């Protein structure tokens, strides 16, 4: 067997983690039935863990015009472009569940231009990819293209911030060789 | 619904196809329970269809040192790099089945360097990616790296030819917007 | 002298080749006065040889709106971008002959945007290059640009299939270090 | 005059900000003599502001083997590669001050390989650039190169996390067109 | 200390240089108060030195519609994209002085799209970057974009020639590891 | 017919050119039997013309360890990578003549790694390509690789300067759409 470990770095025991982190992890475990590896891998740096998940929640769980499925589309499309195994597999699972669509995650990951999504969603992902790969060139023309699809100023910020945050997450997962939990691969496949 | 058609081009009826092509398609349908869309999309050009599948079979069904799962790994890794939705989804399914491993296709597609495969298989995929993206620079150093992992001259040809053939296939699928059959997404997920 | 061999791999004797392959090679030799090396290099894999040339003929020798010179332009432009010595030199010779123009092959190889060709032919080559290098992004806008120059749906398929097939051929020639025959360099130079 | 505004998005008044954010901003103003624009631009999203600066402080202000100047080198080198005006100008100022070297920020920004830094610091920046641009390929060879320069496992995490965090920051600053304060340009130039 | 030498190659003594070169260098020293290292580094090849500065003067000191500050903007923007430390630092100083603007050089170097310059100047720099990185694709559309901003045929030549000349200069400075004089870093910062 | 003009810009009459430029052009015409278009295209800017050819002669006609054929190899390999039609066609002709080899120019232009040249010459071209495309990363390892093939410090400068100078020339020829004279295509083909 060639099974990879969940991280290139040592992973702490849940029992020895700071109270707040352990509590969050146990709550996730209770809800999901397993502990997603990102919690275990990042827990060795408690302050970074807290900031990471606070940021994550501020972007992914807040109210807003983008649906939760659309936010996950941004994660999945940009994470495959960054070749981040953990993020595509884990957020692909969440996307399938949020969108109630067993095909969408693979479609969006591999080539969102061919996915069963709206042209508005393709424009959203065009912009997310631009933020991920050529943010230096973002300008008024991007804003106009987004406005033409009905995205507000708040929506633009949301798309950009999600693409930027998961660009960080992709890099952390790639450097740590973060392994996706086996459970994610089949979730939401109907 | 935003479901995409199976091809940007008109697709012929099976009934009206040349005898040999119809026979092949019906045999695949009998065996798989459905007709993979690549057969329908390419059938509008019968001579090209015949050559395409003759080439495919010469590379993928012949005896050789590379296992059938390894050949599919080459397809899956290079096809995701080329952002070919059809090839990753369809050959991902075949890879899961050939390797009897429900996780391997997503791992190899997204980032084969992190997949649960041997270092010999990673060297095989390093070379396949080099053929796909910088074949002009392939030289003696590549041969030595492959030989160090026990690959023979015949194996090198096989890896290169599979990467090259599916590079063509990826481009055809991308231009035709070839849609993967829904059945592929869940095959072999255990 | 530093003259390179015609292939990195062993090359079979014509005498020992399967009957159909030997016959084809001798016919080419009769017609051209020499055996282009691609026949010798690929003959060590008879099934792949047969499929390769069946595909080649289906694309390059069939009737259609694209002239034979235009098909060769596609080969020459994409092959230089892929840095394939065999394909540029051999198909450059064929292009000069088909177009009855001793300058065109070098012009198209180096920078087709500056070649003595029509703007319709430049649009054809723009699309061929896009198929060769970013087929994942091909979409409706490409179709519209081609239609604006009078290309039909069949023509689009032809351009794409030729670019895709020779993308495969370029990779095979690069990996085998296929050497162009000396004869090609001066053919059609007037 | 063509002076750009500090953000493409509306910027809140300090008076109307949540108490904790206003307090932090006033403390920075007291210490620095001005309010760096990043505080004002990000304050329109209080939860994201809090997470951003918590993350920033966890990486940049914590104890560790990397000096504070070295951490700023990572920011400056990767931010120029991402063409982030705010981050290069602001962190360039901090780098000059931390390193007590008026030349170092421009050197590191433009081409760190030619900067007046140690070979160990160049190895650190080689890795930071790899995290920023090809994190998918990070592997054992990178770890060995870093270990050869005496970097520990903790140091590797620090370098990667700083490069990843500022990759996010660069994208946010580029999308918002965040303007560096005039004060930064001359700080620490001696 | 890690201070780099001014060149990877030996640097001649001023006393032993040919008369015309020594005279030019002493005149620059008289005017500037120091000898910019480019003069010393290139002086080891007198004929190349003479041609280099004749070309430089023909482009940078001649009359024309582009202001001297605009010509320096071209140098600074393309040189940072080529990661040339000498050219960004030295010409950044000249740009600050010519433009009487202490902020402009850093802005233009890092991301000219966000600089405090006119949209006409941004169009000029868009074209300069295109000459620097994809001159093969320059065509009628570029001319029209420049004409729309009022640039004449002569101006187009000037922009292209300055970008091309400093592309050469960037490569020479990078290969020689040409060190910017310390004096340049603070000139014109007001 | 679609024959392109020799320049996008107006071209002066020889009769009206400054004396020294007219004399040089007439001398070339006398020797070659025709006036290479580069002389006519650049002559509209006399000072730039003089500097360009002084630089050219300083690099290409001077004594040194690199043979004249080797210097032309550098021009041909880098110019095809820059897609400069004029430089590949014109200097390809000169290379065939200097090397007394009718095949070498096409081989070096398309893929020098496969050309009938020595491994020392391939190392020379590896470095020339690095100067042309990633000069920012040139460092001690490049010097060692060149020294291992017997290149001196002077040779390194020559290779770099030729690659840099023709990088400028490629950009000028691309922007002006400089047309190669018909005569070059067949010169030296034996």
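Each chain gets a letter, A, B, C, D, E and F, in the order it is written, and its residues are counted from 1.
Note that in this section contacts are C-beta pairs under 8 Å (C-beta built on N, C-alpha and C of every residue); 3 or more make two chains touch, one makes a residue touch a chain.
Predicted, not measured: the structure shown is a model, and the values here were computed from it.
Asks: Please determine the option from A-B, A-D or A-C whose contacts repeat those of E-F, over half of the contact pairs being identical by residue number.
Replies: Checked against E-F: the matching pair is A-D.
Asks: What angle of turn lays subunit A on top of subunit B when you fit their CA atoms, given in steps of 5 degrees?
Replies: Copies differ by a rotation of 180 degrees.
Asks: So which one's got more C-beta contacts, C-F or B-D?
Replies: C-F
Asks: Could you please state the distance in Å, as a whole number, between where the Cα atoms of subunit B are centred and where those of subunit F are centred?
Replies: 43
Asks: How many angstrom lie between the centres of subunit D and subunit E, each centre taken as the mean Cα position?
Replies: The separation of the two C-alpha centroids amounts to 28 Å.
Asks: Quick one: which residues in subunit C touch 2 or more of the other chains?
Replies: As it turns out, subunit C has residues touching two or more other chains at 83-84, 111, 136, 174.
Asks: What chain pairs are in touch here?
Replies: Chain-chain contacts present: A-B, A-C, A-D, A-E, B-C, B-D, B-F, C-E, C-F, D-E, D-F, E-F.
Asks: So in the complex, which bits of subunit C are touching subunit B?
Replies: So the residues of subunit C in touch with subunit B come to 8-10, 45, 47-48, 50-52, 54-55, 57-59, 62, 82-84, 131-132, 135-136, 138, 143, 153, 156-157, 160-161, 163-165, 167-172, 174-176.
Asks: Which residues, counting only subunit F, touch subunit D once they are in their complex?
Replies: 136-137, 139
Asks: In their complex, what parts of subunit E are in touch with subunit D?
Replies: On the subunit E side, the touching residues are 1-4, 80, 83-85, 88-89, 92, 102-103, 106-107, 109-111, 114-118, 174, 177, 179, 182, 185-186, 189-190.
Asks: Note which residues of subunit C are touching subunit E in the complex, please.
Replies: Going through subunit C, the ones touching subunit E are 111, 113.
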